[in-house]
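What follows are several structures.
Each of the next two complexes has subunit A plus one other chain: subunit B in the first, subunit C in the second.
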Partner chain A sequence: MSSSLSALLSGTFYENGYDHRVEIIHQRDAGAHRRLESLDVALYDGNGALLATPAVDPGLEILDLGALVRGATDTRERVMVVLDARYDEAIFPYRPHHYAYFHRAGSTAAPLYYAVNATLGGVPDRVGATNINNFETYVFRQRPFAETYSLLLGCLARFVPVQAQVFAYYGSKRVARDVTLAPKCHAEIPLPAEDGGERLARVEVKALFRLLSYVVGRRAGTGDLVLFDHLFTYAK
Partner chain B sequence: MTTGPRAGAREPEPGDEILLCYCTMVTLGELRAACRAGQWPLRGKENTGKLCTGCVGDLLYCLRQCGVDASL
Partner chain C sequence: MTGSLRSFARRLLGVARHPTYYLPWIIRPGLECALVLSNVEARFKPEYASGPFRASVVQYDAQGAAAHVYAVSIQTSTDAVELPLKPAAGGWGFVTVTGDFAQSDLYVTLSDGRDYTATHGRGEFVEEYPRMIRLLLAAARGAASLVGRTIPVFTRNQYVFVGPDSRSHVLLMNLSNVTNSIRAVLGADGRVAGSRLLRLPPMGSRLVDVATLVDATSLAPGQPSTSAAWRLRLEGNAWFNLYLVGAGPLDLAGPLSLMHVK
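Let's turn to the complex of A and B:
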């Protein structure tokens, strides 16, 4: 491996029925010189089983996750998609950014755009980052716009499970839940929208080390995603 | 011309190529070799596990497997 290469391990979740596309390189220049050196993609089911490692051209601009997952697996369950990129730090002084879009076919819900969660790397020595990023939080709007809320968590560790605590806040009340995920396992953690007449105001994820994490909201009945966002680093 | 491992050279252990720390680019093989030589942490790689924190659990596990009494 060249010492000039940097690495970034990002991840997202694909759900059946969605048109879901990831912009592999957001900072593309006019000459398209900005490209990854390599991109390995791996698909995992909720129990951490490796479903497939489909080949992807690292020069690709837009990755169609639906076509990728349907072409590589028969599953209709949620799939954790792991993007393992190598890039030249002279081309991407910080890191390449992956942005994504999805929309369920036939849904009246608005398409959602989001930043793909960087889980390993992306904070190289040269940036001098000092803030811890394994304590994360998300503040909900008080006017409800989704019927159900939850966290999608994935463990990208290779050898050891991750223990995390999820805290949901309702007014002055805090509801805690322990979560343990084995390597490459993923789970959806429900967050009740109300508790004791108080609306869900905030959620925190505290883990020994960083998880792949998104906060999501779904419509009642259809389950259509109307919120899919990363949490924010917890800072005092 | 002979290609392949030099006489006496160690074959890579399984997993040696695994990238352990995505921030400092330390592989599992480099960590194992450094631990065997009593040179962990490697010079210039002192921040391994301390930046994005995503590999901390794996790092501690691998260090302990290598006989290093590691903790946070």
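Let's turn to the complex of A and C:
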């Protein structure tokens, strides 16, 4: 493998019942650039146990996560899917990201399309954010919706636990919560929509190392995902 | 190399690029669109952290007319303001935001009243072509359109998805002061399945139902319970961009999502 290759370590979460497609590469014309050099995929349960490392053809353009997870494991729990890619930089002319599309079978909610978290770029000057990216924030709408909110956090570290602080803001009140994730562990951290009569306005995540992080909104009752978005770093 | 040539050509032709932050909007019966504006990402930057922050939001309709203008103000970098957008011609378009909020990403939300979807806007640019270039482009565009083509100055490629009860639509936005002929070509399984030439007025937009580009039954639908990815190629004679619009089983009559692309 050439040492001039770029690297991209990213991840997402697969939940049972979803049709979930990951664009492994950005669609482009030049056929020569339509493949990664390599792609290692690993699946982890919430406790960080390695469930499987299914072989994936790096020439794929679209990865069917549902078929991949169902074919490699028996679990019906949420799975953290880690994508470790090596690529010619021409594949990702802009910020290297995979993109993905998902929709839960039978749901009346809209499908969501999202940028897969690029957790470790491998080559910082190609990630597009060379400053620290482990201090992030997100804002929420203030009117009440029949919706619950949470953070999905995953730890991609190999050897050490990652400590994080989650701050939820309600009016002038700040509610802090400490989260420690061992390597490859992941968890859904609830963000109550109200506290003391004030609506959830904003959330911040501070971590010693970059976590896999998504803001999540779920329909009350069904739990269907209606929000699945990355946070924004303070340090651009 | 290509970028340098483009830059040189722009300078030669007198094309100006105006930095612009924009977000898409869609309003349909039962579906409201609201922006969430803040300057929170600037709170640790001393030069941007002190309020009040003021911004002007211009809502362009599908025909490119500035249908509504909103003045927005917040006092501190940790405040956020929700701005419900008003209906405008066509039911979709984009807004531009100028002022003090440019240090943060801004959100556009779509809600059916029960829940909401959200995505952020783009800090890019709007291209302004001088009069002579506009005339030349119009002539070239007219000639190319006779054979169903455009002048492919800008090209975008995007996967779109069609599943048993969900699908992608595409909101195209003409980010220039010239009429933009955008040729949409849909492909699947290595073949061209259909194409159409779309004409967007300056600063105008078009919500494209990708399935109408072809006879959908002629495309391989994939497995019955999963979605299929189609390749959409877009060529335009001036700068444009797109957002994906996600629709569930009720298609455009139900809840929708918007999402930026690469």
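Following the convention adopted for this analysis, the second predicted complex is superposed on the first by the 211 of 236 C-alpha atoms of A that agree within 3 Å, B and C clash if a C-alpha of one lies under 4 Å from a C-alpha of the other, contacts with A are read in each partner's own complex, and residues count from 1 in each chain.
Going forward, a residue touches a chain if its C-beta (ideal position, glycine included) is under 8 Å from a C-beta of that chain, and two chains touch if they have at least 3 such contacts.
Small disclaimer: the values here were computed from a predicted structure and weren't measured.
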**OP:** Quick one: classify A:114 as touching subunit B (first), subunit C (second), both or neither.
**Re:** second
**OP:** Once the structures are superposed on A, label A:5 by its partner contacts, choosing first (subunit B), second (subunit C), both or neither.
**Re:** first
**OP:** Counting touched residues of subunit A, say whether subunit B or subunit C comes out ahead.
**Re:** C
**OP:** Applying the touch criterion given at the start, work out whether A:160 contacts subunit B, subunit C, both or neither, answering first, second, both or neither.
**Re:** first
Subject >> First (subunit B), second (subunit C), both or neither touched by A:91 >> reply: neither
**OP:** With the two complexes superposed on chain A, say which partner A:105 touches: subunit B (first), subunit C (second), both, or neither.
**Re:** second
**OP:** Could you tell me if A:56 is touching subunit B, subunit C, both of them or neither one (first, second, both, neither)?
**Re:** neither
**OP:** Enumerate the residues of subunit A that count as touching subunit B in its complex and touching subunit C in the other.
**Re:** none
Subject >> In the complex, subunit A residues that touch subunit B >> reply: 1, 3, 5-9, 118-125, 129, 132-134, 156-162, 208-210
Original post:
What residues on subunit B touch subunit A, complex-wise?
Top reply: 18-20, 22-25, 27, 47, 51-58, 60-62, 72
Original post:
In their shared complex, at which residues does subunit A touch subunit C?
Top reply: 19, 21, 23, 26-29, 61-62, 64, 66-67, 94-95, 97, 99, 101, 103, 105-115, 137, 139-143, 145-147, 169, 201-202, 217, 219-220, 226-227, 229, 232-236
Original post:
Of all residues in subunit C, which touch subunit A in the complex?
Top reply: 34, 36, 38, 40-41, 43-44, 78, 80, 82, 104-105, 107, 109-111, 114-120, 155, 157-159, 161, 163-168, 225-227, 229, 231, 233, 244, 246-250, 254-257, 259-262
